[in-house]
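First chain A sits with chain B, and in the next complex the same chain sits with chain C.
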Partner chain A sequence: MPDSGLLYKEWRQNKVALVITILVFILGNPLSILNMYLIYQGCVTGKENWVGPCVFSVDYLNSSFISLFWIWGVVLAVSQLGIERSKSFFDFTLSLPYTRGQIFHAKFLTGGMVIVVPQLIGYVLSVLLIMLLKPDQAVYFHNYSLGMIIVSMLAYSLVMAGGALTGNSFAQLLVSFTVAISPFLLISLPVINLEILFGGSIDFIHGPVPKWVQYFIPIIYVDSKWAENSPYYLVIPAIMTIIFYIIGYISFVKMSNERNGYFFLWKPLNRPVQIIVIIIGIMGFGYFGFTASESFAGYLIGMGTGAVIGFLISYFAIYKKMKLL
Partner chain B sequence: MIDVQHIDHSFTIGKKGRENEVPVLKDVSLSVAKGEIACIVGRSGSGKSTLLNLISGYISPTKGRIVINGTDVTGFNEKEWAQFRLDHFGFIFQSFQLIPGLTTYENVEMPLALKGIKPSERKQKVQDMLKRVGLENHAAHYPNELSGGQQQRVSIARALILNPSIILADEPTGSLDSETEHEVLELIQQLNRERGITFVIITHDDEVASIGHSKFQLHDGVLKGGITVEV
Partner chain C sequence: MIELRQLSKAIDGNQVLKDVSLTIEKGEIFGLLGRNGSGKTTMLRLIQQIIFADSGTILFDGVEIKKHPKVKQNIIYMPVQNPFYDKYTYKQLVDILRRIYPKFDVTYANELMNRYEIPETKKYRELSTGLKKQLSLVLSFAARPALILLDEPTDGIDAVTRHDVLQLMVDEVAERDTSILITSHRLEDIERMCNRIGFLEDNSLTNVMDLDELKEEYIKIQMAFDTDVNLAIREQNIPMLDQAGVFYTVLIPKSDEEKKSFLRELKPKVWNELPVNLEEVFIAKFGGKRRW
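Moving on to the complex of A and B:
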């Protein structure tokens, strides 16, 4: 259990972001249901303006406010690590009489509690509201409400890990996003390029891929379709949350955090990541050039453009030190 | 009080199996007496911040020994350092490092709250400290409502609130204009005289170095000599 003083510091330091997140998490779910109820009431009172019968349906697959809850996990992680570093008061935090491990645990516990507890409260309030308003149907309500707690924890721990590896908020967000789409970048994109180069179709990518495999791509949870599947699939993001937590913890404890502003805190990562960015640029733009022109010349031009863009992006993002705010 | 004995520090770069050692500090020895203001002077890249980080316990020396207040801290683990910092050190930073969402009062109160001191006791201590640094009328102001000099005074008050025996200051006037720099240096000298606090100040500025009872010149990781002056 982290020191209560550190929890107090986290709370005071990130009060605005934490309070807004708590309010959104508590009120978001019940307000979604109230909104659906008001739409239903609008139908009942002005039936002549509506097509079809009035059905009070609590449908979480269509336009539920809580589908954006994961964003708050990102906001919290950036506020707790990236902004603290960018605003230059990280040295003060490290000068406090606590180990780095204690500091990271305090941050993670604060963020985790703010994500889990208010969402549970919001869920209980929503259940009470459903019992009171008695909708005709509630589609994926439990699955989505409880699953979103895991999804927002996944977003939080992923961006926390990104923040523990990098020296500023921009780098934190960029690395986190790249990791979120990394299975696509590292598997699908090379396979697509191989198809262009050698022709034909590679079964591995077009063949029947087991459904659970897609749940290893963090970005997949941005789309609410995961709620349609068995809740057991949510074990995958839960395990990924733990893995990202461990990565974040080790990075935070082991790497030099002081006086930073560099892209990666661990400089040996710079060169391999730059090479990967250039390769991804070549493959991505090559694919784009091929599909746009439907010619091999277009593919080559795209690859050349991608190499230049990949180099420039990686050079300016990784090697040019950000000025601290 | 602070005894640095034949310290070497180097960073390792390069691939595994073909690592290169880049020396940052070479055989540095210095001694700072209790109640002294010691200034470590040097250009950017001379190793002065590395030396301060070694004394603060953020990094460990490759070779040599550091003794502070009679305790050999060289082999301390992170937990032991955390406790040692609580008991002995206060920190002042170039960029003040005040928490933006907290008022002057709350920033100074923070270390006391972290130490678990009761709110009633905290109030008196913070008020006394703010009075001492001349900010009693700015207790409710946020950092962005204060001038650079005032922010650094808040930072000094925060560093002093737990009565540390040693203050480690990294370019404490680096972000200030010359007039404000003078005010802050005067405050440091007054606190040193009144409370007998030892100050270790890292600076590249000769005016800052002039307040030191002793001055250590670092050049490319080598100590070019310590001078003790009467101030």
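Moving on to the complex of A and C:
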């Protein structure tokens, strides 16, 4: 358990982000139900203006507000690591009489509690509201409400891990996003390029892939469709949350925290990541060139463009120092 | 109290510190001197474990700080700037720090705030540079540390405030036996406060010695010649503090009879031996490579 002084410092430091997140998580779910109820009431009272029967349905697949809860996990992680580093608060934090492990745990515990507890409160309030308002149907309510806690935690721990590896908030977000789509970048994109180069189709990518495999791609949870599946699938994001937590913890404890504003805190990562970015640029733009022109010439032009863009992006993102705030 | 053993650190591939060893005793004020970029701040950040040393250990009362960071409850680091403090008022900062440092003395902090008439309701960022330094010092001392690491505490403040800041430090050491490790470009401050000093030069800590001893070790000689002897003096690598026409001021180790004989052989018309101050020693040591 992290020291109470450290938790209090974390609370004071990120108070605005934490309070807003708590309010959104507590009120978001019940207010969404209330909104659906008011729409239903609008239908009942002005039936002549509505097409079809009035049904009070709590449908979470169409509830866009709740589906954005994961964003608050990202906001918290950026506030706790990226912004703290960018604003040079880390010298103070690391000078305090705590281990780096305690500091990371205090941050993670603060963020985790703010993500889990208010969402649970919001869930309980929503259950009470549903009991009170008695909707005709509640589509995926429990699965979505409780699953979103895990999805928010996944987003939070992923971006925390990104923040523990990188030297500023832009780098934190970019690395986190890249990891979120990494299965596509590292598997699908090369396979598509191989198909273009050698023709035909590579079986395993088009073959019957088990459904659960897609849930290892963090970006997939941006789309609400995961709620339609068995709640047991949520074990996958839960495991990924733990893995990202471990990566974040090890990175935070082992990495230097020098106030340098560089992209990666561990500089030996710079070159390999730059090469990967250029390769992804070549493959990505090559693919777009091919699909746009449906010709091999278009593919080559796309590859050339991708190489240049990949080089420029990687050079300016990784090798140019970010000015600290 | 605090002991640095064979401390080395490279940043961005450049060796900043190499095999630095130092011990600071209880109640001692140690001045760390060196040119910009010589590694003074890096050394303070290493002690406070903001960055880790590549090799070597740092012990506080025999306990390795890296393995037992809780001992940092006895060590406070006051950097040149502390952006973390910016958005808080004095009360809010006290509220944060007293939960982190168990010995934090709120009464003493209030007393110092009143003594130096520092506004309590303004946010840290709204204070002048001098008041920021004073507030940082008040908070540092109120945590009742055994060792304070001060990085340029008098940088950018006026003479009156500087006097107050220095007095606060001297009082603290006198009353509570607190040890202070201070870096400053203001050599007169170092000269006024410190018992011992050390020079960070070429990645190493050199000339760690008692301040009075250091001043005793060197001698300043004012001379006047009939002819221009500038080149002759330069060729002997004798640090020249000043030259105005035929008047020369040089600095040599008191025991260096060879250089003294050389200068006498130039047959000066005037020969005055004078005591040195720290600034002259500093210029002679660090300006030498550039000037002669």
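Quick notes on this one:
Keep this in mind: the second predicted complex is superposed on the first by the 324 of 325 C-alpha atoms of A that agree within 3 Å, B and C clash if a C-alpha of one lies under 4 Å from a C-alpha of the other, contacts with A are read in each partner's own complex, and residues count from 1 in each chain.
Note that in this section a residue touches a chain if its C-beta (ideal position, glycine included) is under 8 Å from a C-beta of that chain, and two chains touch if they have at least 3 such contacts.
Not measured: the values here are computed from a predicted model.
After superposition onto chain A, partners chain B and chain C are found to clash with each other. In the superposed pair of complexes, A:Gln119 makes contact with neither chain B nor chain C.
When the two structures are aligned on the shared chain, A:Lys87 is found in touch with chain B and with chain C. When the two structures are aligned on the shared chain, A:Val16 is found in touch with chain B, with no touch to chain C.
Once chain A of one complex is fitted onto chain A of the other, the partner contacts of A:Leu96 extend to both chain B and chain C.
Shared contact residues of chain A with chain B and chain C: 3-6, 8-9, 12-13, 87-89, 91-92, 94-99, 258. Partner chain B is touched in their complex by these residues of chain A: 3-6, 8-9, 12-16, 87-89, 91-92, 94-102, 258-259, 324.
Chain A meets chain C in the complex at residues 3-6, 8-9, 12-13, 87-99, 256-258, 260, 267. Put simply, chain B touches chain A in their complex at residues 49, 53, 56, 58, 78-79, 82-83, 85-86, 89, 91, 93, 95, 97-102, 106, 110-111, 113-116, 170. Of all residues in chain C, only 11-12, 45, 48-52, 69-73, 77, 79, 82-85, 88, 92, 95-96, 99-101 touch chain A in the complex they form.
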